[in-house]
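Below are two complexes that have chain A in common, paired first with chain B and then with chain C.
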Partner chain A sequence: MNHIDPAWAWSTFQPTNRRPWNLTQAAHLYRRTGFGVRRGELQRAVAGGVQRCVKQVLHDNQEPQSFHDEMTRMTRSIVASGNLQSLATAWLYRMLKTSDQLHEKTTLFWHGHFATSAAKVEDAFMMQQQNDLLRKHAIGDFGEMVQEISQNPAMLLYLDSANNRKTHPNENFARELMELFCLGEGNYTEQDIRELARCFTGWEVRNRAYRFNKYQHDFGKKSFLGTQGALTGQQAVAHVISTPAASLFIARKLVKYYVMDEPAAADELLAPLAQRLRKDQFQIRGTLEMIFRSNLFYSEHAVARKIKSPVELVVGIMRGLSIKTDLTQVAQRLLELGHGVYFPPNVKGWDGGRTWINSSTLLGRSNLMHELIHSENTTFDNKSLQAHLQNNRIHSLAQAATYFSDLFCAVPLADNTKDQLIASAQKETGHTDQQFKSLLHQIVSLPQFQLG
Partner chain B sequence: MFCARLLAVYCLIIAPSAISAQTNFHNLLPESTAAILQIQEPGEILHQFLTHPVVNSVYDAGLYDGFIKDAQRAQIETLQTKIQDVTGLPWADAVKQATSGGVHLAFDPASEGVLLVLRGDEVVLNKVFDAVLSFLQPLAALSGNPLKKGEYREGIIGYQIQEIRFAKKAGTLVVTNSRDLGRFVLDQLIDPTTHPTFASNENYQAATVASEPREHTAWFWVDAKLLQQHNGLEQLEQAMRQNMLLELLAGGLVNQLAKSPYITAAIDFDHQHLKLELTTAHDDEWIPESRQYYFGPDTNGSAPSLLLPTNTIASISMFRDFSPWWLLAPDLYDDDVNEGIAQADTTLSTFFSGKDFGTDILGALEPGAQLVVTDNQFGNDAPQPDIIFPAFAIVGTLQNSETMQAELRRIFISFVGFLNVVNAMEGNPQLDIELVDSKKDRMITTAFIPPLAGQPISVQHNFSPTIVFQGDRLILSSTRLLAEQLRDDNHSAKPANRSGSKANWTTNSQLTLLAAPLATILQKNRGILITNNMLENSSDREGAETQIDLLISMVQLTNALDITIRSTSKQLALSVELKFQPDSK
Partner chain C sequence: MHHPYISRRRLLQNTATTSAILAGSTVGAGLPQFLLNASDSLDKNSNDNVLVVIQLSGGNDGLNTIVPFKNDRYYAARPTLAIPKDQALKLNDELGLHPAMTDLLKLYETGALAIIQGVGYPNPNRSHFESMDIWHTCRRKTQQRDHGWIGQSVTTALPASQSTPILHLGAEKQPLALAALTPRAISIRSLEQFKLRGNQQAITAAVAQGQAAAPSEGNNGLLDFVQSSTSAALKMSQELIKSAAQNVKHNDAVTYSNNALAQNLRTTAQLIDSPLNTRVYYVTLDGFDTHAQQANAHQVLSGQWSSALGAFIADIKQRGHQQRVTVMVFSEFGRRIEENASKGTDHGTAAPMFLAGAAVKAGVIGDHPSLDNIQQGDLKYAVDFRQVYATVLDWMEWDSITALNGEYSTLPLFL
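Up next, the complex of A and B:
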């Protein structure tokens, strides 16, 4: 890949004739900072300008207290039932309905980062507790988040760290803290792991809560990552975050999640972002703002350079077309496609990118979309698809093709592609609504639709 | 074609003058008639339906829209207006008068004919007939099948639209799809013959012994050969071979249905109740060994009385001999089910200290069981979970209580211990055990240890498994409170069998489902029901609340659902009765 000038990359994007602020760019922003929007919102975004749109996404879309209370009530009911799969469904509901899309998208990011699977924890109370923790700090203080997640009962159970004795320190958590959560591979040694593990001795989970067992803690002197002393677990975590590798590691992950799947961003490119993180003392919001205002974000390096995850695929189309359907079925299908929230496949979470696409998952994605579009439980803003489109002044298949392309395709569909799709949809016998559904299903099965 | 269906439906509202008293409906039908339906007063049914509180509630809730499409509703309303214009009466009154002599439907397999016969007030019905005809004629013409008209005999005018033929004679309207059947009926009207007609059908006559057609809102009879020849019951038999519970509940009933020469169905409907009673012939010669568990060796097995403790939601009692049922499973079920039973048998035998489950454990119980489900109550100090499960209990009678009590006591305590080990491994609460002895009974009860302050109260706190030995009586309950109530209520149950009816009926099975406690427990779980509704429909809270509250209010419009299977030496009857709230709306 060509070298990207960091100075250019992180400069504020100013629309030009060559790279205007238009429906495509607005849709790109909303897809990356959330899960998608309706056509009307896209048009308003274009009219308002990019800077205003970014400000709104970052600062002005907070959830109303009433919605927050509603979700609390919902999850409390589900925790009482102990049904883990319903927790996943409730989170999909939240992604669909929340006004604060960026917050929810970022919570999903941290869920993959601090991967903890309900399949092992098997406790709805603890899993929801962790999810609430991630949401609380999602666009806030990364350092505080790491401190709290390190003592989170679900996390400790998942990493087999519910017991950690001074005579036999559990190195698993220490390794994951450095490798997966804060520093990445190559930025620590085996000795660092052993020493760090001693800091966490005495950390236990009892009755679903973190407990410090002083009798099992190693109060001796430890030496790792360039520091030494009788560090406690909390002090150790703070030190790990303070190392230079931490900011670069987090910056790299943020760029992979929000900007581009590949190629891997060079350290030189990431340096200004990492510097911003350190300057903000690991407050995430400022770094995200830097990303979303940047030239890089709106350039050919970023637009259509990510593959939608199954969650983005489904929630995106549901939000775009105001789809209501049986979310319990959707959650189950996402689990079968390998992107069941609350059920990451392993400690590394989801790799994303090209791993979402292979011969089997591509068919699975198409089948999921077909089921969603054609299910008798599915409505489009409480109407048929045709009626919903008519409400948006879409009356023909040609208009619908353009409409769907604007809403969902990172790369607008070429005219000859649209013509072929329309011709195929017209062969559908029966009600006109079936033709619109056929067209929609064809579009969501295209490679262009898989790009986020 | 909708037109033909509309015609078939709306012939109900057309009726000419009453026929001769001598020519009753059965004399009009050929001997080969295999099914008949009689509705004595259709107008009264219509009146009951239109003024019914439940129907009005459905209408007020906007659920009516889902039943009938817009286009059909428009046509119905047009027809209603025509009838009102022509008769000068409200359309429901016109229909009532037009069908005051009754509506009868019949099926004759020999001619493959379906017959509809209507009778009522001549003047009103002639007008209604004209109104309907004027409504249908343009529709028929538009569909490319214009109305045809012609004279048959004795001045009878016949009409035809597509395959549907209808004619009037002396106050009788005849509608049929079969020319031969229509001619037979008209000929009987013109000139009643001495040829055998349906009136001499012995099976039909036998059926009316148990169930007099005139006593019911609607009454249906079918020659069971019709179902048997078309494998009507085969699917049901197949379903029972694959479903243990279905066989247990309905196996004997379906067995007799398959052998009976006839089946009748009587329907009663008014503001108080909607009842369906299915009756067949009954003969112990028809019962194979594998199904004797259902009726008992002399087919006289009687269900114990229903348990009705406070806050009963549902109560079931049935006569079943569980030991032969379990042991004869290879004869009753298919291979998949039998494989499951074999595995369960091994596990249960191990659980019961090596005793054979079918012979030693189930064989230690008297035939007959009672199951009751109630709203769950919690003591003042007991932790109450957010989700309330109903409490339930099974009551049986031990044949050898001295020996079995000791065995079951030991097994119960072991089971509690096992549960505690599993719960400890999974971080779940533990069960505490308490033994309560009195002169008359012994109770072993358990309770989950309350959670620490700040910890959620798990759904397991709905349960406090309890076993009670009360002489020969065994009570196995999910909660202590229910067990105590059943123990203390031992002598207050009413007998299962009826007396004083015209035949000596024995109650084989009965179920009652009570609406008020059901509505109460639904209300207690309103939160989780709303949550589930929101997730299943992606709806907001308001929409979900409307749906759940509507469900609860629909339940509250009813009073109870009673299902009974009873028999005499000659007949078997299944009745399903839905009782409505008195004086609602």
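Up next, the complex of A and C:
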């Protein structure tokens, strides 16, 4: 369990009898590369085979222009209104509706990586501008993304770096660039930070836009991370990314996000992935493809080895059962559960993994599901839950238990557990629809559902 | 020498562990009414010592908290941020408090505040996250860090049967300081969040069944973790409902401000004065990472924790628990001596810590860190934070060696 052979790990997954391509694996792929799908799509994915499915996820799901335009109109009108929480609602809508699930999943990854909170920036225009930036480069060029984020007004304001004078450089951006964005703690010295900070002097935000103030820029020679010279900020960013720690750092974060919360992957396991990143000059798509085609991704090291984030929890069940509800309310609940998009807790973003879980959040997750399932505003494909299930040829509680387990539980529910849940749901008085809802709520309150 | 599970005080007093009351409150709300309505007679309240930790997140500027108003070097380094001599609240001939901290000054003058100067650790790390992890676990990054100093202390000192030994009040993620291999700390944001809607009985039974089942594929530790956390949460939720009629008293004589820290401390005081035998309460105040335009933000924050602490100590005193409650205040690091060009300060090193309560030996402990004999532009530490922890754990009558990953000499911080 502890040692994973890198050669095996990154070889292309070929289904076997012991590890077949089935509903569970397909659900796993769609949960990790997006926010889940309906059961019909899972069945089609199983029939089509794993490699075709991965190709589709990575290459063939572009948003139609009409949807893209709809989202642009929506965010523009929200920016005009200035309502920050509505931006979060609009992003949830996009996660729910977009055909390019991987793109949104990865944009959310970068939002946690380049975490910037609207609570401090307090400006819808700049927050959305950053969100668009992350989306533009999400599966593209990491180097470009870092260059742009370095001059992104929301980021500079968030890191108190909207003024940076050569006499007393503000070190904050230089520190976070190395610690959180590119290299990881331990891969630079305090002296490196001080020198790197000089490269960013004269970088300012004026009228919600980046500006270079040459009178405040330190044009002198700097020396950091093994290089010397009168480096500009752009050259400094490029140099930071070119150091060996960068590819390993990004590979580690990608594996944690897409493959497994724990244990932390060994450097040796990450090395081939890091090599791929460098070979691709930090174009992200090839590395993601390597992950989603790998043995490791479909192995016991990966399946059910993540804890669902609150966003994954909610968007997943909504997509799986075609739920429509009051999204503003959902966005508010996610914020309360510590996963408000546009409102990360600090510059390090969300730690994920076990930190999602404590007594308070577990009950909060279950209660959020209860509210979602039982809300008067909630419909299932514009119907009652029972009618929706019937449309999918699910008529009994027993069939429904399996249906929910297939869709949502990374660890399938055992038969005796299902039996017990069914028995409890049957005791529910009132309309039969209530019994299905009660069953659903019980299942989404279980540990098996919390794993992603 | 302490018995690993039963403290001396415990043996002497044979305090009954009562069923837990769990209650929390969000900003602006005290305990919910149904908890406040007394009905059943109470079990005897505990007499065990209680530690309340206030974490100042982001790196509190020690130099503008304890101001060296006679030091020219301080005024030279801080042309826009220095606290003028005539505004500092005088502690003695050389040092003063930030002018927003009038309540802290009162605590000092009434002998209920110890200020420990120049606290830090060797080889200081200036990353928020790494430094906070060091303060939380007493271990460096290269060492295994799956439990925190408080979580480990409780694991060693208290029997597994004692419910709710640690309570974290707040919406942020649970601090690593409270982590333990078998989690014991409960985090509460609000009471509403702590009552399960839906069929609790059925869910509880299904969770138990899952736990009893054969191990999942490849022994999934994450699943085990979620299972044990879920059953603990369900149990606590049930206890809460059961103990809804327990008595928790208001104290209208003390006024708390209407911010999250003050309200969380208010709830803490109410819970300390209840049959709930929680030994450690943990609250945080974020926002101390003042890289730009520091003056205003630091003024507001300093005032907030000073007044919240003042109200809490007064409340605890009125309730008659002053001897057994100590508050400890810390931040992950102080800030650079020189201010930067954004009228802020960058990450630094050593900074003061604070202990408050009637059991504390009041005064300024140690010299103010030198502004001349410095290291990389930062203050050198004189007291290792683990010495403060060791002293506090000693007062709790808990072993400190395992929790602190070594033996640290204690300081004369208690009467």
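The criterion applied here is as follows: the second predicted complex is superposed on the first by the 451 of 452 C-alpha atoms of A that agree within 3 Å, B and C clash if a C-alpha of one lies under 4 Å from a C-alpha of the other, contacts with A are read in each partner's own complex, and residues count from 1 in each chain.
Here, a contact is a pair of C-beta atoms (placed from the backbone, for glycine too) under 8 Å apart; a residue touches a chain by one contact, two chains touch by 3 or more.
Quantities reported herein were computed from a predicted structural model and do not represent experimental measurements.
A.B. asks: Who does A:His441 touch here: chain B (first), chain C (second), both, or neither?
C.D. replies: second
A.B. asks: So which one touches more of the residues on chain A, chain B or chain C?
C.D. replies: C
A.B. asks: Quick one: is A:Arg76 in contact with chain B, with chain C, with both, or with neither? Answer first, second, both or neither.
C.D. replies: First partner only, chain B.
A.B. asks: Figure out whether A:Thr16 sits in contact with chain B (first) or chain C (second), or with both, or with neither.
C.D. replies: In the superposition, A:Thr16 contacts neither chain B nor chain C.
A.B. asks: Is A:Glu190 touching the first partner chain B, the second partner chain C, both, or neither of them?
C.D. replies: Once the two structures are laid over each other on A, A:Glu190 reaches chain C alone.
A.B. asks: In the superposed arrangement, does A:Thr429 touch chain B (first), chain C (second), both or neither?
C.D. replies: In the superposition, A:Thr429 touches no partner, neither chain B nor chain C.
A.B. asks: Given the touch rule stated above, what does A:Gln65 touch, chain B (first), chain C (second), both, or neither?
C.D. replies: neither
A.B. asks: In the superposed arrangement, does A:Leu327 touch chain B (first), chain C (second), both or neither?
C.D. replies: It touches chain B, and chain C stays clear.
A.B. asks: Once the structures are superposed on A, label A:Ala414 by its partner contacts, choosing first (chain B), second (chain C), both or neither.
C.D. replies: second
A.B. asks: What part of chain B is in contact with chain A in the complex they form?
C.D. replies: Checking each residue of chain B against chain A gives 385-387, 426-427, 452, 455-459, 527-528, 530-532, 534-541.
A.B. asks: Of all residues in chain A, which touch chain C in the complex?
C.D. replies: Those in contact with chain C are residues 1, 159-172, 175, 179, 185-186, 190, 193, 261-262, 300-301, 303-307, 336, 338, 345-348, 351, 353-355, 357-364, 366-367, 370-371, 411, 414, 416-417, 420-421, 424-425, 428, 438, 441-442, 445-448, 450-451.
A.B. asks: Can you tell me which positions in chain C touch chain A when the two form their complex?
C.D. replies: Listed in rising order, the residues of chain C that touch chain A are 125-130, 141, 171-174, 183, 185-189, 192-199, 201-203, 205-207, 209-210, 213, 216-223, 225-227, 229-230, 232-233, 236-237, 286, 289-293, 338-342, 344, 346-347, 376.
A.B. asks: Tell me, which parts of chain A touch chain B in their complex?
C.D. replies: Against chain B, chain A makes touches at 70, 73-74, 76-82, 86, 89-90, 93, 96-97, 122-123, 125, 207-208, 318, 323-328, 377.
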